[in-house]
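Okay, so chain A shows up in both of these, paired with chain B first and chain C after.
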Partner chain A sequence: MSASLERGIHAFKEAIDGPVASFFSSCVHCGLCAHACLFYTETGDPKYTPIHKLEPLRRVWKQEYTFWGRYARAFGLSKPVTDEELGEWETLVYDSCTMCGRCSMVCPVGNDIAYMIRRTREGMAAAGHAPEGLIGASRRAVTIGSPMGVKLPALEAQIRHLEQEAGLTIPVDLEGADYMCLLSSMEIMNFPEYIGAIARIFKQANVSWTISSEAFEATNSGIQIGVSEIAAELVQRVVDAAEKLQVKAVISPECGHAYMAIRWEGPNLIGKPFSFQVMHIMEVLDQLREEGRLKTTGKEKQRLTYHDPCQIARRGGVLEQPRNLLNIVAEDFVEMPEAGKMNWCCGAGGGVSANERADELRLRVFNRKKSQLDAVRAEGLVTACSNCRIYLEEGLEEYHMDIPVTGLTETIAEHLVEEGEGGER
Partner chain B sequence: MMTETQLLVWLRGPALQVAIAIFVVGVAVRLLEVLVLGRKADLAEARGSAVAGGMRTILMRSFPDRATLQRAAFTEITGYIFHIGFFVTLLFYAPHILLFNSALGISWPALPTPVIDATAVVTIITLVAVLIHRLTNRVMRFLSRFQDYLVWLLTILPVVTGYIAFHRIGVTPPILIAIHIISVELFLIVFPFTKLMHAFTLFMSRYYNGAIAGYRGVKS
Partner chain C sequence: MTQISNEAEFRHALAGLDADRQRAVAALFVKHVLPLCDDERIAPVTDVAAREDVPEDKLAEALRTARTTTTDCHARCGAAGDWSAQAGYFVARAAVAALTPAGQMPGGPAWQAAMASRMAKTCEAIVTGDDSLGRESEEQYRILVDFLNS
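Now for the complex of A and B:
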């Protein structure tokens, strides 16, 4: 056994806990998970059946953690997992799964398949079978501080631009602020309007906030690739910065996996609870709305619908807030079929967007989103994840659909009551 | 050489006891294998209750969401029918209740025999349909291994042999009953080593699934 395979098998063993053992014990090969997966529904290829993507992990569980399996292996009845097999499974585990977790919602015996994919990736990465794109992103995240290679000067330039052009104040390294905002590289590079939007909203609502120059990146490639050591290091940077600035809460931006990383995996990765709260920007804005601190005027006239980012809604629990918010600024807000906790993924989550090899497949399965959008004849699409956003735009273009995509925070900011106007609506 | 009666006595006595012992010990070992692995405490701040979420999913996962029901109607509907049919014939046929009563000392009302008879027929037809579906459906055939067909056989055999014994088709009744009991003992013996275990582990799986989601404030 090669050293890398040995590392991989060891990581698989480490990844197996009670839930995993229970899930594998329960699977009856009914195939229902296939119908929940856009990679299956849009291709009809049975190899994309979610539970099949876990075959290497299942074999390690059976051989290492079942009475029967240990003997079967000793007598040569059950073959150990090979390096070739892991190579074969690499595309199934990384290219054709966004860890959206839809399958976990329909499995009749209750298997949380996405939970197991996350764990399978630990073994795959340790065995050296992770996609190049994700390896590069993880390396940049550790060495540069951002998976896209965005450095502090780039953020500073955007901040300067926003402060000069729009006359906004964007506090950096403000000690004792209530909130510390994280950003995704994609927001800094592609959607700086998000930064402008929070600056305007927080100014109006009189919220004390800051951005840390030491830990502004919200995304976590370590989770997408499946290397907990990297994931923990990236979380620790945020924790250190939040503690240094003594903030009450850290705000996760419009990015699905960033939220999963810091809100739900974060404390578990570093092995201790946080001394601060973690909130998604949707939760913060909805709280401001509830407190009457979010004053808006006018409504969007066109028919708008909302795309739930998987890690924020189904896997993250932020479901009502974006709807409450959209309703105050949209006249004709319609829900797509299966919206909310059963929403269909954009196809680019879970590191798929960082993995160029998966591009063609990703665009093919976007057909699922197209059907969902067609059903409501939406004239505008709003979401709360810049990764979803950029790949929704790409998918819509590929399918010749002329539907503008916007971030919810910006949509709210566009309807803020301007200072001096003072109108209550 | 054993007489038919001696065979029946042996099957109903020592053989059944051994089968039940393997079943009980085997199931206990398999459940312990899962439980000893355990689960680390979640250090993230909870949004909802893990326990409530787990309990909810144990119950609610018995009912599919509407879209899944439409997308996989055959799997869903046949799944319900054969599971319910299997348990109705097992638990509500008068002679079975007598057996449970003699072993466990508890009793409950039986369903009229014609109802059990019809249920058995429906269950058998459904299980045959389930097998054909497994052999012809792309996803199911792709996923299926030897064990999937083995457990199908072990599930249908008690129902078929029971039906034949009741209607006294073919050889003498003691032999028919003997074959029926053998099929049940086979089912019990193989149960802990196969995915028949799902009958027990699904409660743990649903709990874990619902607890993970419930902790985050999601109803799974």
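Now for the complex of A and C:
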């Protein structure tokens, strides 16, 4: 056994916790998870059945932690997991799973298959079977602080230009602020208008907020690649910054997995509760709306629909807030079929978008999103995740669909009552 | 003579333009930052956006080309960022905004084209480290004033 395979098998054994063991024990092999996975529904290939993607982990569980599995192994009646098999499974675990969690929703015995994929990635990464794109992103996240190599001077330049050109104030390292805003590198590079949008909204609503120069990055490559040590280190950086600035809450930006990582996995990763609250930007904006602090004017006339990012809606529980917000700025808001907690993934989450090898498959399975959009004849698509946003644009382009995609925060900001304007019109 | 000296006046003046004139001035904003984009597809579509008498099908074709360019050159999630290439991406996005029908673009095409053009200039400042580069907003005020007064 090679050293890397040994590390991988060891990591698999470590990854098999109580929930994973009970999930494997209770699987009834019904195959329902297949029909919940867009990689299966759009290809018809049984290898994309979610539970099948877990086969290496299942075999280690059986051989190490079950009586009959140990018996079979002792008498040479079962084959150990090999490096070649892990190589074969790498594409199933990383390219054809976005950890969207739709399979977990339909499992009749309640198995959280997405969680098991996440655990499987721990072993795959330890064995050296992770995509190059994710390896590079994780390395940059640890060494630079951003998976895309965004350094503080670049963010400072974005902030300076927004302040100079639009007369906005973007507080950095403001101790005692109520909120500390995180940003994703995708926002800083592709959608910096998000920063301007929150600055405009918070100015109007008189919100006390700041950005930390020491931990502005929201994304967590450790979660995506499946290395808990990296995931924990990245969460700890945010915790340290939030505690140093003594903020009451940390705001996760328009990024799906960032929210799941800091809100739901964060405390477990670092092994202690946070001293601050974590909120998604949609939750904060909807709270401001409820309190009457979000004053908008006019409405979008085109037929708009909303794409629920999986980690924010299904895995995160933020379902009503974006709809409440859209309803104040959209005249003709329509829901796609299966919208909300059973929405179909854009196909690019869970690190798939960072994995160039997966591009062809990702665009193929976008056909599911196309069907959803066709059903409502949407003229505009709004979402709350910059990763979803850019890969929705790619998918729409691939399928020749002329539908503009916008972020919800900036859509709200475009309807703010600016100084000197009246109220609702 | 129209004068514009701040963001509120700028937005108000843009909002007062009809769809054709929004597109025309948006094209001027894009042209001002065009040297930052080395993708040869953007200059011709910007010329289309600048024309007043352009048929709908030509506009739609130009919009498709601009969108394709944008999706071809955005920063990939998790990939090492290149701010020079990002400047080109924002120029392409400005062209998309200019060519998008007015009702489909929150804030209007001209405003969105102006914003994306400014982001392109910010990327240039990040690359060069030279923050003394002229403010694009002021250039845009001048462009709009000239347009309105012409």
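What we mean here is this: the second predicted complex is superposed on the first by the 422 of 425 C-alpha atoms of A that agree within 3 Å, B and C clash if a C-alpha of one lies under 4 Å from a C-alpha of the other, contacts with A are read in each partner's own complex, and residues count from 1 in each chain.
Everything that follows uses one rule, which is that contacts are C-beta pairs under 8 Å (C-beta built on N, C-alpha and C of every residue); 3 or more make two chains touch, one makes a residue touch a chain.
On a predicted model such as this, the values are computed, not experimentally measured, just so you know.
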Fit-or-clash call for chain B and chain C when the two complexes are aligned on chain A: fit
Chain B versus chain C as contact partner of A:K301, first or second or both or neither: second
Touched partner set for A:A36, first chain B, second chain C, both or neither: first
Partner chain(s) touched by A:G317 [first = chain B, second = chain C, both, neither]: first
Partner chain in contact with A:K203 - chain B first, chain C second, else both or neither: neither
First (chain B), second (chain C), both or neither touched by A:F274: first
Touched partner set for A:A348, first chain B, second chain C, both or neither: second
Chain B versus chain C as contact partner of A:R237, first or second or both or neither: neither
Chain B versus chain C - smallest C-alpha distance in the overlay, whole Å: 26
Overlap of chain C and chain B interfaces on chain A (superposed complexes): none
Touch list for chain A against partner chain C, complex: 133-134, 136-137, 140, 147-150, 153-154, 157-158, 160-161, 164-167, 185-186, 189-190, 192-193, 196, 221, 224, 300-302, 348, 351, 353-354, 356, 379-380, 387, 390-391, 393-394, 397, 400, 402, 404, 406, 410-411, 414-415, 418-420
Partner chain B, residues of chain A touching it in the complex: 16-23, 25-32, 34-36, 40-41, 44, 46-47, 49, 51-52, 65-68, 104-112, 115, 263-268, 271-274, 277-278, 313-317, 319, 337-338, 341-342
Residue ranges of chain C in contact with chain A within the complex: 6-8, 11, 60, 63-64, 67-68, 70-71, 74-81, 83, 86, 89, 100, 103-107, 115, 118-119, 121-122, 125-126, 129, 131, 135-137
Touching residues (chain side chain B, partner chain A) in the complex: 29-30, 33-35, 37-40, 42-45, 47-48, 57-58, 61-62, 64-65, 67-68, 71-72, 75-76, 79, 137-145, 148, 193, 195, 197-198, 201-202, 204-210, 212-213, 216-220
